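Order of writing sets the labels: A, B and C. Residues in every chain begin at 1.
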Amino acid sequence: MEILLKTINLKKYFKVHKGLLHAVDGVDIEIQKGKTLGVVGESGCGKSTLGRVILRLLEATSGEIYFEGRNIMKENPRGLKKDMQIIFQDPYSSLDPRLSVFELISEPLVVNRVFDHKGEMENRIIELMETVGLAERFINAYPHEMDGGRRQRVGIARALALNPKFIVCDEPVSALDVSIQAQVLNLLMDLQDQMGFTYMFITHNLSVVKHISDEIVVMYLGQCVEHASSRELFKNPLHPYTQALLAAIPKAKLGIKHDQKIIYGEVTNPVNPKQGCRFAARCEYCQQDCLAGSISLKEVEPDHFVSCVLYK
Amino acid sequence: MLEKLLEIKDLSVVYHTDEAHVYAVNAINLEIGARETIGLVGETGAGKTTTALAILRLLPEKTGHITQGEILFKGEDLLKKSKREMRGIRGAHISMIFQDPMTSLNPTITVGDQIYESLLIHNYEGKPRDELYKRVDELLELVGIPARRRKDYPHQFSGGMKQRVVISIALACQPQLLIADEPTTALDVTIQAQVLAMMYDLKEKLQTSMIMITHDLGVVAQTCDKVAIMYAGEIIEFGLAEDIFESDQHHPYTTGLFGSIPDLDIEADRLNPIEGLMPDPTALPCGCKFHPRCKLCMEICKTTLPPQWHEGDHMISCHLYSREK
Amino acid sequence: MSKAVVAPARKYKRKSRFKEIWRRMKKNKLSMVGLCVFALFVAMIIFADLIVPYRIALEQNVWEQFAPPSVEHLLGMDQYGRDIFARVIHGSRNSLLMGIAAVFVGMIIGGTLASLAGYYGGKVDMVIMRISDTIFCIPFMLMGLSIVAALGPGLINVLIAITITAIPNYVRIIRSAILTIVGNDFIEAGRACGASDIFIILKHVAPNAVGPIIVQATMQVGTMIIFSTAFSYLGLGIQPPAPEWGAMLAEGKSYMLSAPHMIIAPGMSIVLVALSLNLLGDGLRDALDPKLKD
């Protein structure tokens, strides 16, 4: 299988007044062409930052990114946008309220001077609207006149406009209603089947990534704590944090009230983090070993990587 | 039979704006017994929050109008109370928790003082200051915050802790009814689990009735005794939690909602969403409000309001069930 | 593709932007009144010489000092016996141009600086804002006078002086409007599809900040007319006997009780210009915002 995107020891630190915020701290990921990598974690785990660093919307502090085998850290970030795109979380603030649907979808085409002829561009926009399931009558509509699901479809059409190979989906459904969420997820999966996109699907909701992802990375405070295929991760979660995340999802079934495992404590900031496991403070299996030295990802089962001292 | 704490009869709410009339709530009936938790489930625009605001009479004065119906709290109609009487009821007998803990606390006042304030407003016996502050400490401990943090400001708390503070304010005067409007939607999953577990324990301990407004069927399954499913301002299905989560008989919309949730235990490649969108509340469809999106739509659904089908506590408002009889 | 692409007939025609704005603008009656009044003033500037020759505005009739309005002299005469109607007509050229040019140029410079400061933040913001604050600290008049002193008296130099003095004010207001826009995701969305910073500032930031800019601009025109008068008063701007509204107002002030007609005409003119621009600005701001459509 061909690897489309690969990061090596990618780091992004932000300066805050208390010190250095380790938003992304040494992440290695690989995404195969035509597949979907789910990136899961709670707020502040650095999942969105990771997506933006890969798209070079933010400059990495250190580390390398390879796209189709070439190191893109040295390339002009604006040139990359034809190959890599992003779908934003909030369909309310990610669309300029003063532009109509036509203008919004045309923006990537205009900026990159794709078409010389206006008619060609108009045809392409109608085609894109059809692809994402947006009726043609919305062509003059403004974002505030549409509901969340339709707005998100405009966001998807924008991302598709340049025929990218790789799309970062940053929580594309978390602002939408349940029944609309499922529509948009299905749309994304259909598009992948038809056009062979490669997705990086960022979300805080494990149940959302289950269907769409081939592989899943679980992040906690800037680090990757578990990496496995989607099926394996749900069947056999190994890291205590992954287990807790799975247990915490409220299930629409009766009879599992409150005997579930609840982890205590709060997600903190990775500002000047201490050595050792970052989850140690909330972990019920915490031992002496967890606090010393750095704990790296280990392959404990075939293609199942965990960074935890419990697994040798 | 538990006594009825709150009875909503035939309640309709309309928002009058410059352009149109928004029919937010359409003739709903709901009963809440003492110590019961009712889940109010629905998507954006289903009228869940409007119902809650109507109970507290907090609808925007200029635009929101209750056009018909009664809201009986312990047998008294809240809609006939004066503004002054309502102020005495809000907070003391019925209190509400809002979705966003970040904006429902005043950033310039310590959390202890904010709880104290809500105690002071309803301090009819004229308890001394020390006693009230003792109660503040108790309340903080009750929601799992050490009392020594009383003098901290909201920004020193994380999202989950802030929501705990909000809950302690809501519980300060031991209300009989607590309305929680999406109390955990803004929180992370692991924190959501903590807060839900705490709310469940508190409810048992304090014997409060609760209306839990949410769009998440999972949250309902874990906290509620009864469930009302709302669509386009109507309650289209109502029943005990068992009726909703274990019975096979459902309104097609409820079936669709369940189909939209990814099930972690079942292997499936695609989800089965409900096609289409919520109807425009300024121009609701005739007949059954759900018929334009319904896969099982019949001719009669387009013209006639569906009758209510009852089996025990289970109510479904759909033509499919009336036909069987 | 070698042949030109023929766009197939569409059910939904794309609407022209300007037509849309004009259509929404027309709905607002007050702003149309503003537009008409302002158009009258513009016509007055263009056709001043046709209405009444410039000569009349300067001619002194000693016999008719302070004459009240009459059929011959519609708005009466001033303390030198000059026709006030002619002076108001010809004064519009100096006053209005001065007010509008000062605001227009100031807004462009201030808007550019504010966009840079708000969009880039950090050091750029620091430098621009500190310089603008420093200018802000110096009293208006002192600042203007020193600039005119350095450049020498004259109409253009006064224009430069009042423009520069007003810029810090614009920078502050526009920057705060821009800061609320820069935080939105659509700025990043623009960047994500490869747009340059200039494109984003022009296409996304500026149009969304246009509301407060228009309001501020229309309110400033009146202020600027009065402000330029101060320079004329000190003999640095428009030199007497050339007519100018501000100067007429200042002269008439001494005879306010005995000959009120002397200040009513130029005063009303300034008020009308400011008011019409205000109404026009409000209408324009609403018409430009698609959220307020219909």
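The rule is simple: a contact is a pair of C-beta atoms (placed from the backbone, for glycine too) under 8 Å apart; a residue touches a chain by one contact, two chains touch by 3 or more.
Here the structure is a predicted model, which is why all the values come from computation and not from measurement.
K.L.:
State which chains count as neighbours of chain A and simultaneously of chain B.
P.N.:
none
K.L.:
Among the chains in this structure, which pair is joined by the largest number of C-beta pairs in contact?
P.N.:
By number of C-beta pairs in contact, the leading chain pair is A-B.
K.L.:
Taking the mean of the CA coordinates per chain, how far is chain A from chain B in Å?
P.N.:
That gives a centre separation of 32 Å.
K.L.:
Measuring from the mean C-alpha position of chain A to the mean C-alpha position of chain C, what distance in angstrom results?
P.N.:
49
K.L.:
Quick check: how many Å separate the C-alpha centres of chain B and chain C?
P.N.:
Taking the average C-alpha coordinate of chain B and of chain C, the gap between them is 53 Å.
K.L.:
Going through chain B residue by residue, note those that touch at least 2 other chains and give them in order.
P.N.:
Answer for chain B, listing residues that touch two or more other chains: there are none.
K.L.:
Tell me, which residues of chain C touch at least two other chains?
P.N.:
If we look for residues of chain C contacting two or more partner chains, we find none.
K.L.:
Which part of chain A faces chain B closely enough to touch in the complex?
P.N.:
Those residues of chain A that touch chain B are 42-43, 147-150, 177-183, 185-186, 189, 204-208, 210-211, 231, 234, 244-254, 256-258, 260, 262-264, 266-267.
K.L.:
For chain B, which residues are in contact with chain A within the complex?
P.N.:
Touch residues, chain B against chain A: 43-44, 158-161, 188-194, 196-197, 200, 215-222, 241-242, 245-246, 256-264, 267-275, 277-278.
K.L.:
Would you tell me which residues of chain A are touching chain C in their complex?
P.N.:
So the residues of chain A touching chain C come out as 55, 57, 78-79, 81-82, 85-86, 88-90, 93-98, 100, 102, 107-108, 111-112, 117, 119-120, 122-123, 126, 136-137, 139-140, 142, 144, 155, 158, 161-162.
K.L.:
Of all residues in chain C, which touch chain A in the complex?
P.N.:
Against chain A, chain C makes touches at 1, 4-8, 10-12, 14-15, 184-186, 188-196, 199, 203-204, 207-208, 288-291, 293.
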